[in-house]
Amino acid sequence: MNSPLRQASSLPSTGRHFLQIPGPTNVPDPVLRALAAPTIDHRGPAFAELARRVVTRLGPVFGTTGPIALYPSSGTGAWEAALVNTLSPGDRVLCFETGHFAVLWQELAERLGLDVELVPGDWRHGADPATLAARLAHDPQHRIKAVCVVHNETSTGVTSPVPLLRRALDEAAHPALFLVDTVSSLGSTDYRHDEWGVDVTVAGSQKGLMLPPGLGFNALGPRALEAHRTARLPRAYWDWDPLLDTAEHGRFPYTPATNLLYGLDVALDLLAAEGLPQVFARHARHAAATRAAVRGWGLTVLCADPRAHSSTLTAVLMPDGQDADALRATVLDRYDMSLGNGLGRLAGRVFRIGHLGQLSDLHLAGALAGVQMGLAAHGFPADPAGLTAALDVMSAA
Amino acid sequence: MNSPLRQASSLPSTGRHFLQIPGPTNVPDPVLRALAAPTIDHRGPAFAELARRVVTRLGPVFGTTGPIALYPSSGTGAWEAALVNTLSPGDRVLCFETGHFAVLWQELAERLGLDVELVPGDWRHGADPATLAARLAHDPQHRIKAVCVVHNETSTGVTSPVPLLRRALDEAAHPALFLVDTVSSLGSTDYRHDEWGVDVTVAGSQKGLMLPPGLGFNALGPRALEAHRTARLPRAYWDWDPLLDTAEHGRFPYTPATNLLYGLDVALDLLAAEGLPQVFARHARHAAATRAAVRGWGLTVLCADPRAHSSTLTAVLMPDGQDADALRATVLDRYDMSLGNGLGRLAGRVFRIGHLGQLSDLHLAGALAGVQMGLAAHGFPADPAGLTAALDVMSAA
Amino acid sequence: MNSPLRQASSLPSTGRHFLQIPGPTNVPDPVLRALAAPTIDHRGPAFAELARRVVTRLGPVFGTTGPIALYPSSGTGAWEAALVNTLSPGDRVLCFETGHFAVLWQELAERLGLDVELVPGDWRHGADPATLAARLAHDPQHRIKAVCVVHNETSTGVTSPVPLLRRALDEAAHPALFLVDTVSSLGSTDYRHDEWGVDVTVAGSQKGLMLPPGLGFNALGPRALEAHRTARLPRAYWDWDPLLDTAEHGRFPYTPATNLLYGLDVALDLLAAEGLPQVFARHARHAAATRAAVRGWGLTVLCADPRAHSSTLTAVLMPDGQDADALRATVLDRYDMSLGNGLGRLAGRVFRIGHLGQLSDLHLAGALAGVQMGLAAHGFPADPAGLTAALDVMSAA
Amino acid sequence: MNSPLRQASSLPSTGRHFLQIPGPTNVPDPVLRALAAPTIDHRGPAFAELARRVVTRLGPVFGTTGPIALYPSSGTGAWEAALVNTLSPGDRVLCFETGHFAVLWQELAERLGLDVELVPGDWRHGADPATLAARLAHDPQHRIKAVCVVHNETSTGVTSPVPLLRRALDEAAHPALFLVDTVSSLGSTDYRHDEWGVDVTVAGSQKGLMLPPGLGFNALGPRALEAHRTARLPRAYWDWDPLLDTAEHGRFPYTPATNLLYGLDVALDLLAAEGLPQVFARHARHAAATRAAVRGWGLTVLCADPRAHSSTLTAVLMPDGQDADALRATVLDRYDMSLGNGLGRLAGRVFRIGHLGQLSDLHLAGALAGVQMGLAAHGFPADPAGLTAALDVMSAA
């Protein structure tokens, strides 16, 4: 018989694994323990109270007072939900190619029967409001029904300026829906669904919300709800209808992921205890420290726009001829740390450092020390000034 | 600040809650503890090993050597997956109205754009092979593309004879796909995907597999895989393609529900340690004991066909004029036990006793004692011979 | 390599073990999860706050406003602590032979160099105040320095009337210290250290406090503290001195059992949420139900004095010629329930049912069903009226 | 109502606390989860198997094939046990003042009525074999009955050469018992009870064994067992007698700390999986890295003898006029890390870095980064070359 707990916790390791991919993130101990509470009746009063509480408390994290649909799914499911609830077969959707996940979302839209137009990108810059404005100007008949943007590209560490993109839509008086993926930014970065005029915000549990994977979210604006009434893509599992008033009655149309909701309740406590502004400042500080380290080592941050640096992950370009995946394997093998790999066109050329979710200064220091030692072990003479610079950033706070 | 662990575990209770709904079931302690292991990199080698192991070991539970698709979803998602992977818009699907969940699946099929024909039923009998044969005889052009049957109706405690239904299809030489929902039977009742010629088997995590909700499953037969190649319902999240070889490489197309897989690994250990035949015999014994109790109390088992009794739950008809939901509320309030409610047309007239998943003789005895005391408290003079009869059934084993 | 979690949780079992020995008791789930919180610095501020909180909140459970010494030890250690802190070599101690644990405490006292006088008993009655009065009347020189009584004999299910024994001491104006063992009554039965004039109360963690074993307690009255100043038995580990003001500063003289204190904190929450009077009433009700079952089965409760029945356990005499240990083995093997064995002179003749700590009506019903079925399997024709009578007692509440 | 889990896990922290005191140590996750398994009957067969297994597997960690007595106690209790089982009132005991804990053990011995002679020390060197030899030479009548040495002084980070001290005893042909405290070395440093001729080895659970506090140990040599027969200090709780054959029958004389034994079982798995030689090498490497950091920062390691450096902790002298406790408070407040304080005569002048138990290179790097940043925040211009030097030591491995 197998002993899965052991294998899952990498037994011969001498400590807790450093999970520095850009999600799933290091789940806080109180959240992990909450997952182990006995499952309860999802139609009973105790569950209803839990469901109401977590959905209500999610609102401030999304920056919305509107409904939030919560699915037993991955973030990919929440992408699909955003589309099938608002669009009809053949509808045109404008996507910005900011990186691998933007491309995946676009492909998913195509598979659902949408007519997707992709604005190409170099994977080092965010979606450009001027480009959007220009494209909208050429759509006087409003054939574009939705604009899809990834707020924080998990594959590149590049953000897109959601408020400015919204302004471009407004200035064009274009009725397209504005759908935003915040999978790797929500709960880590300032985000305001209502104030920024987003119609559907897509998120998942396993990043800034500090949970294991298994929950997908859609925050819904009034225009999305209106579109929902006439949208004709087939939908059943993802239909928002029975999810619109969970905050009120605490019920779900099918069995929800009970134990993840226990964890979510604790995670929301943790975010509230630290304070969202403090959480965002911490992420920004850790991102700055990480970039300082990267530059100190003599490496290049992938993101080429200083205004677009992600607070939650940093993608690092390896020098030509160096295999980023070999480095990652070294780091995993010698230092029991997982780093993110280069995705799509960046495969082998980039590694990604996740610095989101639960993360302390010392934990990040350990992670950066691991990259620094890993680079050395891999044959790249990383200047120790890298780590020192990161500590300086953190010390200055 | 809230203290969710407390509320979730119903603090003022004097003991562990009795979760006797027909799922989610009482999750074993080792499974709960496994859920609390730190989340790991879903693209790293340790995870791949875990994924391969659990998917491989699921095969014997489904009775298949073919692929099993595993989703972060509820069982409802697995229903949707079975349909969108095998059918095209407008395809005719034949459903048997064996109870509330059969109706829900049918409704879901309609929402996806399928042409559903419902064979009516009285919710007290399973799907009838002769009826199926007769219907197929009137479909010489093979307009019916799929037959959907619920193996074990969670709303009624009535099973349908899967092998005999298969035989009706075979004898009619009808090519319709055979899709079977085993959400509340898998892992508790003998089931043989391959041997019984099922094309897609639908299941979820929160019943016989003894996990919290959050995983959906499709076991895939060769004819289903063939249909998958030409099926034209839009599909993305649910697409089987990237899930066909998880057993081999241990990868998923999007972030899987890592911590539920930890639990699944332990649950599979538990099933293997007890032995599937022993697990099935235990469920049958507990079901017989429960029916003996029901009859001893002077109440009626909803299932009207002795060959069709469910091993995993028993639906009990209250006498006319008695409110089953009031009884359930009494039982919850006084004895901290959740019973299943009557669903759909059975609302208020029926309560359901779940006796599946992890369950010992003494636990069931306590549960039945709670029903007996609850009936008395509710004003129904339940004969104590009911519990005695149940103990006699268990003692005889 | 071994897989202890599995073995410890009795893997092939089909449910949670029924731990119906009179302690350790079934530990509540929230307490178990609390044990798994990371260990912290026992000299840091977070720990000090925890320690102050738990020691302060223990006061009402003991019925005292005085200091409580808390040890990393078993209850046996707390016995030793009570003696070495108050007595000097050769001091005379009067013990009442109410059962096996009273004898063990007496033997421990002898091994420490005390001069122990044992008042013999038949193990079916508690300590008799009249006997104590008579003995004190023959001690005009006050050679007896301490009277040791077990409040609730864990080996017999017989209690002793602590207030009446105190009155005997008072009426004799005898200065002997009054030391009371409440290991299996504290937190389950009304107990009032201050009001009843007890000098040292001895307790442990693994019974009514619903924790795993590993903590011992001494509640200290003013006369005990006075005696402590001049007592000359050697003492170091057990010395009360550095433990007198834990409630104030939250420090311990040596490393305390941190994680058990986490559990104690939660256990105190649970007791407070239910309310101590409700906790005591529940235990009394469960004890009455258990005795009703025993009599209904045609067996004899060991305790021969109706005023002395324990609320926390019931010792049951088997008919002559029947081996109680064989019955227990049958119950463990067939029904995965642990019952207490006969100790000392009761070995093989008695089995004990623990009904203390966390226990619900349904859990007790299951346990009693297990005894009833076990008796039948063992060849004793237990009348099913036993369980019915127990349910009647519980229903009446 | 309080919410202790939250407070215990320091809720507003942004990550897992860094517990870098020299014990309790960071408890591995699988050990923590094991603690949460339900408590079982300590007199039943499953427990006996567990007890036999853990006691048997402790042997190699102590380097003994003899009996090991295991107590529900702190390490202080194990000190007391070593003395009361082998000595008689007034026996002379020779202690070496290597630091604070050596002094505490000596004081404990005095309180038990022993005649203690203390060899003074400067707290920067270990016990000197030549001094021992000289002292023994002046004891021709063998009035010294026991020599007590602390293998690894937790207050100073200085070790004593156990084999050389044994040789001094042998060369003097002196029959004194040799009692060694390994509380902060066992399981982290090479130690050989049998081979080195130690008579009683004292240990606890919360350091190299990676458990929470709550278990004390005595490993017993043949001469200690012989002395035990005639020793006359009063003993009851600590008596070795009923503990001598736990490895054989798995029983304890009183209720053992069940859940800590679950944890011990897993901790022994972890040590076996890594391999004791690898565990020792890891500790040595981390100690060398830490000393390199200390020197790089421009600070002084307290231990003045290069042969005596501890593998498990490093005590660091602050420059004159700098308050080590203020530094520790800064580090705790800003970086959520606990460091050990200066004890006894070192109060305020020293801080201690624990690097024992479960510890990975990256975790240590984070801890040292925290000290470096803390020093800077405290106003001490720690040269960043300190951390770089530590990484170099770790990288070289």
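For reference, chains read A, B, C and D in written order, and residue numbers begin at 1 within each chain.
Going forward, contacts are C-beta pairs under 8 Å (C-beta built on N, C-alpha and C of every residue); 3 or more make two chains touch, one makes a residue touch a chain.
Treat the numbers as computed from the prediction; the structure is a model and nothing was measured.
Chemist: What is the chain whose Cα centroid lies farthest from the Cα centroid of subunit B?
Modeler: So the chain farthest away from subunit B turns out to be D.
Chemist: Considering B-D alongside A-D, which chain pair is linked by more C-beta pairs in contact?
Modeler: Between the chain pairs A-D and B-D, A-D carries more contacts.
Chemist: What whole-number Å value describes the gap between the mean CA coordinates of subunit A and subunit D?
Modeler: About 45 Å separates the centre of subunit A from that of subunit D.
Chemist: For subunit A and subunit B, let me know how many angstrom lie between their CA-based centres, rounded off.
Modeler: Whole-Å distance between the two chain centres: 33.
Chemist: Centroid from C-alpha atoms only, then distance subunit B to subunit D, rounded to Å. What do you get?
Modeler: 53
Chemist: What are the residue numbers in subunit C that touch two or more other chains?
Modeler: Within subunit C, residues 1, 5-6, 9, 16, 26, 29-30, 33, 36-38, 269, 273 contact more than one other chain.
Chemist: In the complex, go through subunit B and note every residue touching subunit D.
Modeler: Touching subunit D from subunit B are residues 1, 3, 5-6, 29-30, 33, 36-38.
Chemist: What residues of subunit D sit close enough to touch subunit C in their complex?
Modeler: Contact set of subunit D toward subunit C: 1-2, 4-5, 7-10, 16-17, 19, 21, 23-27, 32-46, 49-50, 53, 71-77, 80, 89, 108, 111-113, 204, 206, 212-214, 233-237, 239, 253-260, 262, 265-266, 269, 272-273, 332, 338, 341.
Chemist: Mind pulling up the subunit D residues that touch subunit A in the complex?
Modeler: Interface residues on subunit D, with respect to subunit A: 5-6, 9, 11-16, 18, 26, 28-30, 33, 36, 269-270, 273-274, 282, 334-337, 358-367, 369-370, 372-373, 376-377, 384, 387-388, 391, 394-395.
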